[in-house]
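After this come two complexes, each holding subunit A, first together with subunit B and then together with subunit C.
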Partner chain A sequence: MDRSSRRQPVVVLGTIGHDAHIVGSSVLRIALEEAGFKVVFLGAVVPAEEFIDAARESAADAILVSSLYGMARIDCSDFGAKCEEAGLGHVKKYLGGILVTDPEAWDQTEQIFRAQGFDRVYPPQTKTDVAIADLKRDLGLD
Partner chain B sequence: MNQLLAIDFGSTYTKGVLFDCESASVVGVAYTPSTVSSDITLGLRRVLSALRAQTGVEIGKVPAVACSSAAGGLRVAVIGLVPVLSLEAAQRAALGAGARVVGAYGYKLTERKLAELENSAPDIVLLAGGTDGGDEQNILHNARVLAGSRLTAPIIVAGNQCVVDDCARSLRESGKAAVTTKNLLPEIDRIEAEPVHDIVRDLFINRITHAKGIDRACEYLNLLSDIIPTPSAVLQAARLIAEGTDMSPGLGDTIVVDVGGATTDVYSIASGAPTRPGVVLRGLPELALKRTVEGDLGMRINAPSIIERCGCAELLDFVARAGHSPALAAEDVVAYAARVAERTDATPADAQEEAIDQAFGRAAVQIAVKRHAGTLREVYTPAGVVLVQEGKDLANVNAVVGIGGVLAHGSNPRFVLEGALDQGCDPYGVLPRRPTLLLDEQYVLYGVGLLSAISPEVAFRVAREALTPL
Partner chain C sequence: MTMLAGIPLRTAQWDWDYFLHQRREVLSLWPSGSELQGDDAIAAGVAYHKAQPWWKYASLRNKRAQQEQRIQLVPQVGHALTEQTIAHMQCSEDLGPDRWYVLTDTYTRKAEYAKAQDAVERSRRDGFSYLNGYPLAAHGVSGARAVNECTRAAVGTDNNDEDARLPWEIALAAGWTWGTIKSIEELIQHSRDFPVDRNIHNQQYIDRLAAHYTEQGVPILRRASANLPGWDSLGFKVTVSLLEVLLSAAQGVKFIDLSIGIGMNLVQDVAAIQALRALAREYLDKLGFGDVEIHSWTYFFLGDWPLQRGQMVGQLALNATISALAGCSGMYIKSPDEATTTPTGEGFREAMEICGQVVRLVAGQRLPESPELATERAMIECEVRAVVAKIMELGNGDIAVGACRGFETGVIDTMFSPYRFLKGKVKVVRDANGALRYLDPGLTPIPREVAEYHRECISRREAKEGTQAGVRWIVREATWASRSLRDEVAERSY
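Moving on, here comes the complex of A and B:
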C-alpha cells in the first residue's frame, strides 16, 4: 500500500526537553503547513516520550525536534533507540536549533546527534526551505 | 406538571424523591436496600409505598424519571493504541458517559488480554486507536481479534475514520453488533467525547436496561423519559449548577464529590485552564465536563484500602480534627476498617466510630479530588523557571458539592468536604482555594439532573433549595 499517494504526509513537531522556546518551532510549523504537510504540533517543553506517543498515534512520517537552549545532548539521549523500541524505526528523525553550548566544530556536533539516531541534523540559522526540501526527498514526495 | 418523581436504582439502595415543581421543593424522600438480584420491582414498590405514606400522593400516577447504577452499573471495556493518548481518551469518554471501566487495553490485543476482557463481562466495548489519517494497523488488528472472540456485547468503533468502516465490517461478518462513530481522538490535541456519549446512552436505553431487567420497573412508573446511568444524571446536575439556565446564572466552575461505599466519584465542570501567567500546558487536553472514579476509595468495602493510601498517622490526625478528643491507637482505626469492609450496611455505633468514619470520608475526598485535579510543577531551564501544568487547575472553582452518607449523616460534613480544598502547604496548588461548600443532605442531586432534562429552570431552583451551604 503506497501511503504517500493516498494521504497527506504527517510530521510531529515540537521543542524538546525543558526548553520553552517556541518561536522556532512555530515558524517551521507555518512553513511545513504551507508546503502541504499535516503538522502534529506539540509546542514547547515536550518530553521525548511525547514525541514518540504522538508519532505512533498519528502514524507520522517524520519527527522534527527543535532544541534552542543547549541541552539537546541530554534531552535527546537514546532518542533513536526509544523510537526503535516503539516501532518507529522507519520514521524520519530531524533535529535542529542551538544544539550545544560549547563551540565545537559542526562536524563533531552532527556526529554526536547522528549517533543518537537522527537522520538529519541542522546548525543554527538553517532556512526552513532547506529542511523541507530534504524532508520531501527523504519521504519520496518530490 | 405539578409533581415529579425521580428514582435511582442504585447498587445498594433504591432511592426515590418527590419534587413539587411549583414551589421547586422536595416533598418526600425514601430509600430501601436494592433488590436487583431477586426482583428490581420489589425495592421500587417499597420506595413507592414509603413515599405514598409520607406525602399522601397517589405516587403511581405522578410523572417519573429514573436512573440506574444497579446490576453492576454500566460496564465498559476500553481499547486504544497509546495508553496516554487514544486509550486515555477512551477511558475519559467512558467515564463521562457514566460507565464503570472494567478493563483498559492499549496496543495490540493479545490472546491473554482478550481472555481477560471476555472475563470482565463488559456491557459495551469501546474500540479506539489512531488519529484521523493516523495509525490504521492497530485498530484493524484489534477489530479482527474482537471479531474472533466470544463477546456478545455491542462494540463502539470510534477510532481513525479511514478504517472504522473496515473494522465494523469485520466485526459484523462475525455476528457482532458494531456501531461506528466519530474519532474520539481526531487529532493528537483534541478529544471529542460527545458522539461516543450519545451512542453509549442509546445502547444503555435500548439494550442494557432490558438485559439487566431494569426496564421491568417501567410498569410501576409513569416514565416521561428513558432510564439513564446514574452518574450521567449527577453529571447533568453538576453542569446545571455550574452553568445555570437561560434565566438564572449558575455558580460557575463546580466540583461534585460523591463518596460511596465502594468508590469515590469526582465530577468537575471547569475548563481547568491555568490560573497563573506563563504556564506551559502539557498532556492530553481536558474535557470541560470531567468525571473520574476512584475504585480504591470507598467508605465500606474499600475502607482498608483508604488506610493504605492515606496512612494511619494522617487518619488519626483527621480523627482528632473531626472533633474526637480521646486519643485513639492505629489498631482502633484498622479494626474499624476491617469491620465495615465486611458489613457494607454498617453505621457508626458510637462517637469514636463516628469520628473514625468522618476521618475516612475526609481521606477519600482529599485523595480523590487530588487525583482528579492536575499538577503544576517547576521546571528549571537555562531561561529561568517554567511552570508546567498537566490536567486541570481547579484553584478558582466556585462551588464544591458533597454527596454521600458520610457527609449527609455525619457529625462534621464541613471537615470532610474541606478535604477537597487547597491545604495551603503547596505553593503550586491546583485545588479550590475559596469555594462555597454545599451539601446534598437528602441525596436528591441525581433527581435534579434527571429533572434538568425536562425543566432546567425548575431543576435549578430545586438544587438551590435542596443544597445546604456548610
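Moving on, here comes the complex of A and C:
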C-alpha cells in the first residue's frame, strides 16, 4: 500500500463467530466512516481467521470485533495469540457487545477478554463516539 | 456458497417414502440420532406422547385459554447443560408458564454438533454455560425428556437453525409438542450464506414429521415465525409469517400460531396482527386448508432494550399491553436481563410477574376500531397481497419456488440483514409516532398507494423535527428504545 492511501487509518470490523447480529457493527461502520476511517466491513457470522486475513490484506491499524450472542468466550479464544502469529501483534484489537452468557461483574468480564489479547473491551451500549475517541488516541491521531 | 443448492423444490406434501429416505441420512448426522433409527422409533415416540396429559400440548392449551379468555405467557430458556436448563425452568414453575420456549445454542442451530458437544464438556468441567442455548443433539432423547418432565408447561423448540431436522426428531421423540417454522425468517435473521432452497427443504422435513405425529393423533403445533428485527416493516413481517403458514400447511400441519414481532407502535402492531389473522384464514381456505387451526401470538420487540431496570420494565409492560389489546392468544416474553446477558431463570421469573400483572389487568379489553386502525390495516393488507401475488407469479403458482425467486429478485428484502444474498435495498425509518415506514422500498413490489402513504407519514416527522429522513435517522433509531432518559434530558435546552 502506498504512503498517500496509508494516511487514512484502516480498521477491520465485523461480528465474530456464528453471531448474526449485524446492526451494532453496521452502525459503528457508518460512524467510523464519518470520522474519516477506511472501514473493511466483514458483516456478520465471521470466523476469527477472516478478521486476521482481512487485517493482513488491508494493512489495518485496528481490528474491531462485535459479539452480541453470548458466545464470545469461545469465539475469541486466543485471538491475540492468533494475531501475533500472523504478524499482527502491533494491530489494536477492540471487542464490544454482550459478551457472556452468565451474568458476571463487568471487571471480571473485561479481564477475561483482555487475557485473550484485546486492548480494549466495551460493555453493552457503549456509544460509538467513546470507542472512536479511544481509537484515535491509541493510533496517535489526536 | 451460492444462493441455491439446486434442490428440486415444490410446496406439495412430501411422499412418506421420500421422507423416510431423507430420515436415514438425518439420523446419522450425530450419534444421538442412532437410537431413533428404525420403523418402531416413531411409534415409540407417539406412544410416549399419548401417555401425556392434555396440558403438555401447546395446541390444546390454545383452545382452553381461548375458552377462558386467558392470555398465555411463554418465557425462554436454554443453557449448555440439562441441569442448568432445568434449574432455570424451575425458577418460574409456580407462576404457571403455558409453554417453555427452549432455544438451541448457535452451534446446534448450524448442525455443528461436534463443537456443541465440546462446549458441553467444557461447561461441565468449568461449571459455567459456554453455550447460548440447549444443545438438543448433544443431550439426545434422555436429556430432552428430563427437560420435558420437569414442568407442567408445553415444551417446544426454537428453530433458529439452518438444519434443525435432527433436533426436531429428538424433541418430538422426547414429548415436546411444538416449535417454530423458519423457512424464510431464518435466512434473513441469522444466516450468512445458507442456500434458500436447502433451508426451505429442511423445514419441509420438519413440517412433514410434525404432520405425521398429528396424523397419529398427537396434535403438534408449529409457530409461523416473523419475530424479525424490530426495525423491519410490519407489512414485511406479515408477508413472512403468511408464507411460513402456507408452506407448513402444505405439508399437513394442522395447528399453527401466527407470530409477529412487535414494532412498538400500538396501532400499527394491532393492525398487523389483525391483518395477518384475516389474510392467513383467507389464503388457507382458498388453498384448501380450511381445517388448519390458527391463533394470533406476538414475540416481544427484537431490537434494543434499555439497560436501566425501570425503563426495561416499562418496555416489557408496553409489549405485553400491545399483545393483550390486539386480542392475542399469547406472547413470547423477554427478560429484564435482555440488554446485558443471555437471560437468566431469575430474570424470566421477574418478567413473568411483570407481564402476568399487565395481562391480568388488560385481559378482555381490545383496542377499539378507529379510522387510524382501519387505514393501517388496509395498508398492510394491500402490501402483503401484492408481495404474495408476485411471489406466486415468480413460482408459477408454487410458493416455495416463488420464495426462492423472491430472494433472487429483491421481492423479499429488508435492511441490516446478515444474509449476503438479500439485495439490502430497503430502508425503513420511524415516523413521528414511532410507526415503521418505508423510506425506500427497494425492489419490493409495494403498491404505489402504500409507498405514498408511508412517505406522507415520514414527511410529517421531517416537518416536526426540521430534518431530512436519511441514514442519520436509521443510525439514531438503532438506539431508539434503549437510550437512557438521563441522556434525553441532557439534550434539552432548558
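Please note the rule applied: the second predicted complex is superposed on the first by the 136 of 142 C-alpha atoms of A that agree within 3 Å, B and C clash if a C-alpha of one lies under 4 Å from a C-alpha of the other, contacts with A are read in each partner's own complex, and residues count from 1 in each chain.
Simple rule for what comes next: a residue touches a chain if its C-beta (ideal position, glycine included) is under 8 Å from a C-beta of that chain, and two chains touch if they have at least 3 such contacts.
Because the structure is predicted, anything quoted here is derived from the model rather than measured.
When both complexes are overlaid on chain A, the residue A:141 reaches neither subunit B nor subunit C.
In the superposed model, A:19 lies in contact with both subunit B and subunit C.
Contacts of A:56 after superposition on the shared chain: subunit B is touched, whereas subunit C is not.
In the overlay built on the shared chain, the residue A:8 is in contact with subunit B alone; subunit C does not reach it. After overlaying the two complexes on the shared chain, residue contacts for A:69 are found with subunit B and with subunit C alike.
Look at A:124: by the touch rule set out above, it reaches subunit C but stays clear of subunit B. Contacts of A:27 after superposition on the shared chain: subunit C is touched, whereas subunit B is not.
Within the superposed three-chain model, A:44 lies in touch with subunit B and with subunit C [touch as defined at top]. Where the contact sets of subunit A with subunit B and with subunit C meet, they give residues 18-21, 43-45, 69-71.
The touching residues of subunit A, counted against subunit C in their complex, run 15, 17-24, 26-27, 30-31, 43-45, 69-71, 73-74, 98, 100-103, 124-125.
Those residues of subunit C that touch subunit A in the complex are listed here as 79, 105-107, 109-110, 112, 119, 128-132, 189-192, 229, 231, 304, 307, 337, 339-342, 344, 416-418, 420, 471, 475, 478-479, 482.
Those residues of subunit B lying in contact with subunit A across their complex are 81-82, 84-86, 129-131, 133-136, 162, 185, 187-189, 280-282, 379-383, 386, 388. Remark: subunit A residues 7-8, 10, 12, 18-21, 38, 40-46, 50, 53-54, 56-60, 69-71 touch subunit B in the complex.
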